[in-house]
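Next come two complexes built around subunit A: one with subunit B, the other with subunit C.
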Partner chain A sequence: MISMSFLATVATLALVYAMATQLLNLEAGWGGMWDLGVAGLIAVGAYSYVLLTSAPDAMVPGLGLPILGGMIGAGIITALVAALIGWPALRLRGEYFLISTFAFAEIIRQLIIIGKDVTGGTFGITFVKRPFEQAFRFDAYPFVLLGITAVLTVVVYLICSRVAGSVYGMTMRAARDNEPLAMATGTSVKSLRMSTYSFVGLLIGIFVGPAFVWFLGALVPSTFGATLTFTIWAALVIGGLGSRIGPVVGALLLTGVSEAVRLIEVAPQQAHLLSAVQPALVGILLIVVLRFRPGGLFTEQKSFARTGTDVKGELKRMRPVGMAAVNGGEA
Partner chain B sequence: MSEAPDRPMLTLREVNKAFGGVQAVRDVNLSIDSSKVTALIGPNGAGKTTLFNVISGFGTPYTGKIAFGDVDLTGWAPHKVARAGVVRTFQTPIGFPSMTVAENIAVAIVGQGLGNPWSPFLRWRQDRKVRRDAMAEARDRLAAGGIEGLADVPGSELSPGNAKLVEITRQLALKPKMLLLDEPAAAMATDQIRTLSRLIRGIADDGVGVLVIDHNLGFVLELADTVHVLEFGAVVASGTPEQIGNDARVREIYLGGTEETDAA
Partner chain C sequence: MQNLFFGLLTGAVLAVATSGFALLRNTERFLHTAHGQFMALGGLLGLTLAQQFGPWLGLPAAVLITAAIGVVCGKLLFDPIKAQGANVMLFTSVGLAFLTYAVMLVVFGSDIKVFDVQLGSARQIGPFMIAPGEIVLLLIAAAVTAGLWLLLSRSSVGRSIRAVSSNRELAQIRGVPTNQISSVVWALSSGLAAIAGIMMGILGSTSAEAGWTYILLVLAAAVLGGVSNILGVIAAAMLLGVVMDLSSLVVDTAFRPVIAFALLIAVLVVRPQGLFSFASRKEAVA
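Moving on to the complex of A and B:
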């Protein structure tokens, strides 16, 4: 028997992923920055939020700020960390940027483990401040949390939509399509990317970090490993890189499919087999979607253009145009 | 050769550029006038594109100086060179493939003031107006060039010839004072080349200096006011198209081994 509160919890997780996927889409889909360090930024947002809001006399002491203050503070801290990572990493192109963000995410996780006096180390933090928790009964709270997360997801969607239709969004997609040409039309691609990366950090800190913490109810560093990054990337690729509603649909679909496995009842001795099925399902979903819709379920072309022509092989042309375009075919 | 303050001249002095041991550009001295079409010709590997990159900020000269009027452009980043009014096109006109042609041009028109994450939220009204005006201007510019039919075509679906025209239209939308055209006639049909020549002549007549690199000798000699010949990174001959066309040495080095003698 499926309990309603289980469904509410799964839906909450799906919406947290939907927020993260939309922000990754802003950064990677439109901004052309293939960031493999999303989990690191989410970790910074989550830990900042908890440390800002926990009571000063808790086991892992915090500053005791109210929830809203904690969210904004987490946003600012995450934006600063993103700027710090972006400053060296954004000097690199394509694959090299990707690898270095991946490394930074791992460094952040290791720092959380090492700094156990501040972060609780591998033992983690077992108490977090959640909005309106005292006002509701224990068994009603999952639905309250679902409602709050849904509101935040809508806010993130509206923010991303506005960016998509703005001069900034246009400039960003242009710089992604053809970096040398964007520079030749007067765009400082470097500062554009730097501000985009910090902006994404800000939004992850305000929305994704705290919402993820509320969902989890506790914090341990292992949550923020590479698996989290790849789950969000998988959701983005399934939904359609560069599209508007795609990231939301991708995240909901991915979470729905992989959490549905938990509903299957098996004998305890087979439970480990079941947990192995989950990542396999994600892989199968990814393969099936990419086999029949190489650009994902939704495409950027459909999201933006009024011509309605569908371009095949979206992923191929997402690759940034390098210096080869400057140098032409010859010397 | 008087230089009006609003019609600056592009000057290169003793410009050198090397890649490892290969001297791609050596001791180049050039002056490119406003309101004139100046051409740079030379065989493959002569350093034409390298010289273009050095001017437009895509490569720093090893030694030497690049000045635009009183402004020293040496070592400037590409976006600053473009904002100073020295605008280039690219040999391979990929454009912005995920956008329509009209959007391709609008991107150049919107300018840089709103290109940051805060503008969509703090200056939304202005943002919307700038975008609408830019799209309207883009369509006007396409209509003026006789290619208004391309406005809604995705950038990735243009024919090579049309892509070249869109490339020039886009870069013109930046209102350059000096326009650098990297092989504009390549991949173009004969009748398109005629349209292109008229277009370029019109740009120069409006007071913009034009520097053209091209392989098509007939096109260049017919169009240019002044021609410079580059070989192994150095300027080996300069003069009017007639002088260059009749220069025995030029015929030998430039036309000797290639099949482009009959390109006219």
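Moving on to the complex of A and C:
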């Protein structure tokens, strides 16, 4: 018997991943910055939210801010950290950027482990402030959380859509596809990338970090390892790098499939086999999708296809200039 | 001084692993993220087979099996998507890493395992306290890297590998059997991963989780050395090992990985082409 609250919890996790995947898409899909350090930024967002909101007299003392203040503060802190990482990392190209963001994420995780007095070290933080937790019964809360996360996901989707259709988003994709040309036409590619990276940091801090914390209910550094980064990347690649709805579908599909496994009932002595099913599914999905649909389930060309209703506003008016970037964009 | 020796030992093992990674990166042109998992797989296989058949039979068998798995993965998973470019291959490799991790969880469980090998009691040699087993490990690492270097620079297979890595199309036109060379490189790379994984296991412990940590160190060493240059990669791996172990004299041991990655980032900012790379690599500029 599948309990409804279990379904709600799985859906919440899927939506948190959907938010993270969309933001990664904004950065990697459209901005061309292949960031293997997403988990690090999420960790910064999550920890700063908890430290800003938890009570000053708790096991791990915090500032005791209200939830909204904590979210905004986490956003600002994460944006600053992203800017700090981006400053050296964005000078690098291709696989070097990839590796340095990977290294930064690991540094962040290690610093969280080392800074025991502030972050609780490997033991972590077991109490988190969640929105409207007192107002509802304990068994009804998963549904409330699902509702809140769904609203946040819609907000993130709207922000990403707005960016996709804006001149800013178009410039970003132009700079990705042909950097010399973009520079020649007067785009400051460097500051563009820097602002995109910090912007993604801001959104991760405001939305993904806190929502992830609400879902988890506790924080330990091991959550934010390389596996988290790769899971989000897997969702993005499966959904389609650079597409609009792809990241959401990819994240929902990946989480849905891998969490459905928990419904299988097994004998206790085979429980360790079950823990292997999730990485196996992620791996097989990635390999199969890339083999037979290397662009992912939804492609960038489809997302930005000129069907009249799909692309609105500035993009339409700027048609002659935008054509090359819109049609020539490759995933 | 003791830390210097441990640093050299860690560095030598890392050099074995990273040269396999760099070899694959240069001929197949993608970052093989599953390399760390192959190291863990080699380590766990070696441990299990050594328990069954003794170390002299079990450990080489583990290396051979891992190499064979590497060849099969290369043929089945990576050859069909070669035309799609490095990014698709990179993420297929991420998928393979997850799959290998899952297989290891099923076959070996998630416990941390320790090799049943005694390194012997430590003796004073010069300024160092060294166990005989550690010298053997250091010698094996040196022999493996020297063997690889000889293979690459002196044999005809090595010449073909270097030809393919500098220009695949041209090598093919000139009659180098590129597909066979790819298989050889897969076997070499996975075999080196297994050797390094076994040595990491003997020096410390091994588990299915270890692969995710290994790949970080391998990536760091590969980038520090400027991937295309095997000798540079070996030097960078040694440097990384020494710096990591020496840093524990100055700061807490918990900072070891932080030091390693801070060093990596500092080097990348100053010399994006790597410490020991003299040719600028245009392919890296996407």
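To be clear about the criterion, the second predicted complex is superposed on the first by the 306 of 331 C-alpha atoms of A that agree within 3 Å, B and C clash if a C-alpha of one lies under 4 Å from a C-alpha of the other, contacts with A are read in each partner's own complex, and residues count from 1 in each chain.
Heads up, the rule we're going with is that a residue touches a chain if its C-beta (ideal position, glycine included) is under 8 Å from a C-beta of that chain, and two chains touch if they have at least 3 such contacts.
Remember, predicted model here, so these are calculated numbers, not experimental data.
Shared-chain residue A:233: touches subunit C; no touch with subunit B. Of the two partner chains, neither subunit B nor subunit C is touched by A:266.
In the superposition on chain A, contact is made by A:163 with subunit B only, not with subunit C. Legend: residue contacts after superposition of the two complexes on their common chain; A:300 is shown touching subunit B, with no touch to subunit C.
Contacts of A:154 after superposition on the shared chain: neither subunit B nor subunit C is touched. By the document's definition of touching, of the two partners only subunit B reaches A:196; subunit C does not. Within the superposed three-chain model, A:55 lies out of touch with both subunit B and subunit C [touch as defined at top].
Annotation: subunit A has no residue touching subunit B in one complex and subunit C in the other. Subunit A contributes residues 32, 34, 88-89, 91-96, 98-100, 102-104, 106-107, 110-111, 113-114, 225-227, 230, 233-234, 237, 272-273, 275-280, 282-287, 290-291, 294 to its touches with subunit C in the complex.
Looking at the complex, you find that subunit A touches subunit B at residues 159, 162-163, 165-174, 177-178, 180-189, 192, 195-196, 198-199, 242, 300-301, 304-307, 309, 311, 317, 321, 323, 325-331. Note for the complex: subunit B touches subunit A at residues 24, 44-47, 49-50, 53, 56-58, 77-79, 82-83, 87-92, 94-100, 103, 106-108, 110-112, 114-117, 119-121, 124, 127, 130-131, 152-157, 170-171, 174, 182-183. Of all residues in subunit C, only 31, 77, 80-81, 84, 87-88, 91-92, 94-103, 105-106, 109-110, 212, 215-216, 219-220, 223, 252, 254-255, 257-258, 261-262, 264-265, 268-269, 272, 284-286 touch subunit A in the complex they form.
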